[in-house]
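Pasting a structure here, questions to come.
Here the chain labels run A, B, C, D and E in written order, and each chain numbers its own residues starting at 1.
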Amino acid sequence: MSGFTALLARDLRLVWRRPGDVMVVLAFFVVATVLFPLGIGPETNLLARIAAGILWCAALFAALLSLDRLFAADYEDGALDLLLLAPWPLELAALAKCLAHWIVTGLPLAVLAPFMGLLFGLSGEGLAALGLTLLVGTPALSLIGGLAAALTLGARRGGALLALLALPLCVPTLIFGAGAVEAVATGGGFLTHLAILGALALLSLATLPWAIAAALRQAGE
Amino acid sequence: MSGFTALLARDLRLVWRRPGDVMVVLAFFVVATVLFPLGIGPETNLLARIAAGILWCAALFAALLSLDRLFAADYEDGALDLLLLAPWPLELAALAKCLAHWIVTGLPLAVLAPFMGLLFGLSGEGLAALGLTLLVGTPALSLIGGLAAALTLGARRGGALLALLALPLCVPTLIFGAGAVEAVATGGGFLTHLAILGALALLSLATLPWAIAAALRQAGE
Amino acid sequence: MASLHVLANPARFRRFSQKVLPVLSGATALVLAVGLYLALVESPPDYQQGETVRIMFIHVPSAWLAMAGYALLAGLGAALLVWRHPLAALMARAAAPVGAVFAAVCLLTGSLWGRPMWGTYWVWDARLTSMLLLFFLYLGHIALSRAYDDAERGDRAAAILALVGVINLPVIKFSVDWWNTLHQPASVMKLGGPSIHPAILTPLMVMAAALLLLFVVLVMVRTETEIDRRRLDAAERAQ
Amino acid sequence: MTDLEVTGLGCRRGGRPVFRDLSFSLAKGELLALTGRNGSGKTTLLRALALLVPADAGAIHWQGADVAADREAWRRRIAWLGHLDGLKGDLTVRENVATACHLREEGTERVDAALAAFELGPLASRSVRTLSAGQRRRAALARVVAAGARLWLLDEPLNALDAPSQAALRAALGQHLATGGLAIAATHAPIDVPNARTLLMDSSPPPGGEEHEP
Amino acid sequence: MTDLEVTGLGCRRGGRPVFRDLSFSLAKGELLALTGRNGSGKTTLLRALALLVPADAGAIHWQGADVAADREAWRRRIAWLGHLDGLKGDLTVRENVATACHLREEGTERVDAALAAFELGPLASRSVRTLSAGQRRRAALARVVAAGARLWLLDEPLNALDAPSQAALRAALGQHLATGGLAIAATHAPIDVPNARTLLMDSSPPPGGEEHEP
């Protein structure tokens, strides 16, 4: 078994031991989307108008809330040292951990979101756009969040401030994700948006594993 | 010095040592609120209409995001045992920790929110209402979140579970907080809402420290 | 109260439930059959809503039982925390998913009903929203009680949550009512007001009794399962 | 005269009984060293004595009174050193020790002596995060000394200490006992102080006797 | 024939030099015991040898080649036991050890023997979260044994172990050395194995010699 597979399998198994954990993230997503109508008021037209933004925001929050322990657990129990000492590239380890996170959060969120869209009265096409953009956009969120999680490990005072830099990195993904759904609502096509989202995800994939690995090495010192 | 003061001072000092942590919460709040104008488009009427709900929701999420380490840090480094063994009521310790959390998140959020409200085109009166309701309402959020944080100690996937537990309980505060700002916008008085928010905060204050202490004792076993 | 106290012992509960369960199950089947007959065959279609009115006979009792179920959880939580009844934890564990299912049934039947009635699966109505929040409270309870390796810790944490939740339930309901009436006074969901015709009221009540019995049977069966599971754990550990 | 009297104590962890029917008593100036196999219940016993873990059965009496009756008075009498150090990485050594005193609602007049006892003077204003394992353990021990409690509950206090620090611990313990204190310490290495008695926790049911987890 | 050759190694932590100009060499079948005061740099040295902490100066050679040249080959040669156990509480003991082997891209054929060496058979399917401190430490040691690496780097391996487990560790170390392995262990207690040499880390600048934190 390659180390990459082993790590992926381990993380998925850890989640499998407590299947409730995935449910919790999804439940959080549902609760969060419900909170916005409670804050804004129950007018159906208004809600349909802002549904895309709300659902994408809630997905971001759900991803972020489940990300903060991504590396911290390994850091605190010493398992991070074992990853740093594994005889294969740390970049792959970073990728495996982000992939495991995406499988247990991004993927289910993309499946669930269209159902929540129903509550907000989105059209059928809008629902499809929502699911697709989330499917394409969430890998970038997992990677960016993974970077923030790695940067905030341990002692460095600057860590928190660096995370502050990572947050705005999510903004483009959100804008194009929410924008795609709205484009559908206003009669436009969403393929351009989807392509841009895909490009963002690929860009993250091509750069962030290195950044995450560097941050993890810092934390190991 | 009483134990309560000592604990409060310790927690504030810990935050003071890492001011970045507070900055991240505030930055999160700003990013989350800025996102909506970006996603929804520049229709001023619409934005002003939903401003209260968005800002209150964002404040709620920001508060929750920072809550998950409230007791977890003490739990993991063994300092919780010292609190459990302190010769004064644990309920006071719970209160001190929630108060410290409020001082470093609720209070700055209440100060910052009116500035963000400007972006949404809220009226002067609406801005005042926003700041005041946050000032009165956020203590309840800190206490409810504190309970969720204490209940999830030692459980995995703390952050998301915490939010799932806390969010439904935060609904009344959210509704009256956002409602107050909207009442101002529609010409109504917001003092009733403020009074209800105050009542909610007092209700939390009167009940939750006991629940938190009970949850902490469980965690110490 | 004294008789309840006797049941606090899991072994005694077993003996009691083994005697009572067959009778209770039979009664449930009987009342359910009568109720379904009354609801589906006997009662007239509504002059406005047509045949879909029959959804109500499931929908409304489910709503009641979901609410009663949470009160039961809180009571069991208090019993666990204050009197340390060992059975209370097992019963709460058994009851929470049952209550959640009734809440889900209420939500599902309601939104299926909403489609023909309101033309949409969902509106942000106060009653709907507060039932949704109750469902979330159930979810939180279930997730928390299963979040620990040590089942007893999960039981007690969930008990604390149930107590706090039940204090908050009226507050949530009140605030949601208030929230909705401000923006959307008197929504579509006004059927006959309190004056329901006996032709509808009778099957409704019989169905409510049937589902209540079903609730009790389910909780008892699940409690027995929980007792067995704990026994098994203990036996394995003692080896 | 025995100050501490433990009778018939029993505890379980995760549904498994860890020990049953444990009785002992301890008088002024005495140290009880808990030894036994890994998993025999030393940590559990210490936590039960501190009332952190509820006991299944039995009672703990201090000078004749049940300690569960007045928990706060009991907590004032004990100082705790766990497996974990209980120090805040962002605070300095002195701040950590002083805060612990404040949290007990006591003054900080013993802090300097306690730091000196473990040669922590030069490290006093370093933040704990930058200390080595043994330096942290010493800071945690200084916290115990500064607490000025009658009964010390120590879980593997020798862990990570170098030889001179072990001697410092022995000296501190000796002085604590000489001034009428009591101590209970879980340990795998002998602690050579006068008036030390040993309680061997034997693991019946054996620590490895369990089978599969459910 | 010396396999490991360390020359002129120097490290700093948080801007302070911890040790300077450290040289030693180690041959097949030898154990190097690192001793010295708390804070003298034992942990730092072990981490530097594993390339977890960058060295200021000096070089580490394995059979003549600089280890920094091929980091992955070097990592394959070492097995690590840190202050922290590096175990996942939600996995069982066996799963933890097996996963560690997989992460090294190795098979799991040595796992059973490693568990047996530390009497972990009966605990193998308990989840680590429910173990006592010493039981966890034993699981971490089993992980090291199962790794099948040439060089063991152990940071205070005796911590929290009871006497029989200490003997088990000694036996495992003895066998590792006898089959041509090398080991470096930071420790405060003597490890009685044949072929053990001791390196006393003396703290110049003394561990307490620093002043205020910058």
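The criterion applied here is as follows: contacts are C-beta pairs under 8 Å (C-beta built on N, C-alpha and C of every residue); 3 or more make two chains touch, one makes a residue touch a chain.
Model, not experiment: these values are computed from the prediction.
The minimum number of touch steps separating subunit B from subunit E is 2.
Farthest from subunit C in terms of Cα centroid separation is E. Taking each chain's centre as the mean of its CA atoms, D is the chain most distant from subunit A.
With each centre defined as the average position of its C-alpha atoms, the distance from subunit D to subunit E rounds to 29 Å. Chain centres here are Cα averages; for subunit A and subunit B they lie 24 Å apart. Taking the mean of the C-alpha atoms as each chain's centre, subunit B and subunit C sit 31 Å apart. Each chain gets a centre from the mean of its Cα atoms; for subunit C and subunit E, those two points are 56 Å apart.
Counting only residues that touch two or more partner chains, subunit D has 14, 83, 89, 127, 130, 209-213. Of all residues in subunit A, those that touch two or more other chains are 18, 20, 24, 27, 31, 38, 41, 76. Subunit C has residues 133, 136, 139-140, 143, 147, 149, 176, 179, 182 in contact with two or more other chains.
Residues 14-16, 205, 209-214 of subunit D touch subunit C in their complex. For subunit A in complex with subunit B, the touching residues are 18, 20-21, 24-25, 27-28, 31-32, 35-36, 38-41, 46, 49-50, 52-53, 56-57, 61-62, 64-66, 68-69, 76, 157-161, 163-164, 167-168, 170-171, 174-175, 178-179, 182. The touching residues of subunit B, when paired with subunit C in their complex, are 147, 151-152, 154-157, 161, 164-165, 167-169, 171-172, 175-176, 179, 200, 203, 207-208, 211, 214-215, 218, 221.
Contact residues of subunit A toward subunit C in the complex are 18, 20, 23-24, 27, 30-31, 34, 37-38, 41-44, 47, 118-119, 121. On the subunit E side of its complex with subunit C, the touching residues are 90, 127, 129-130.
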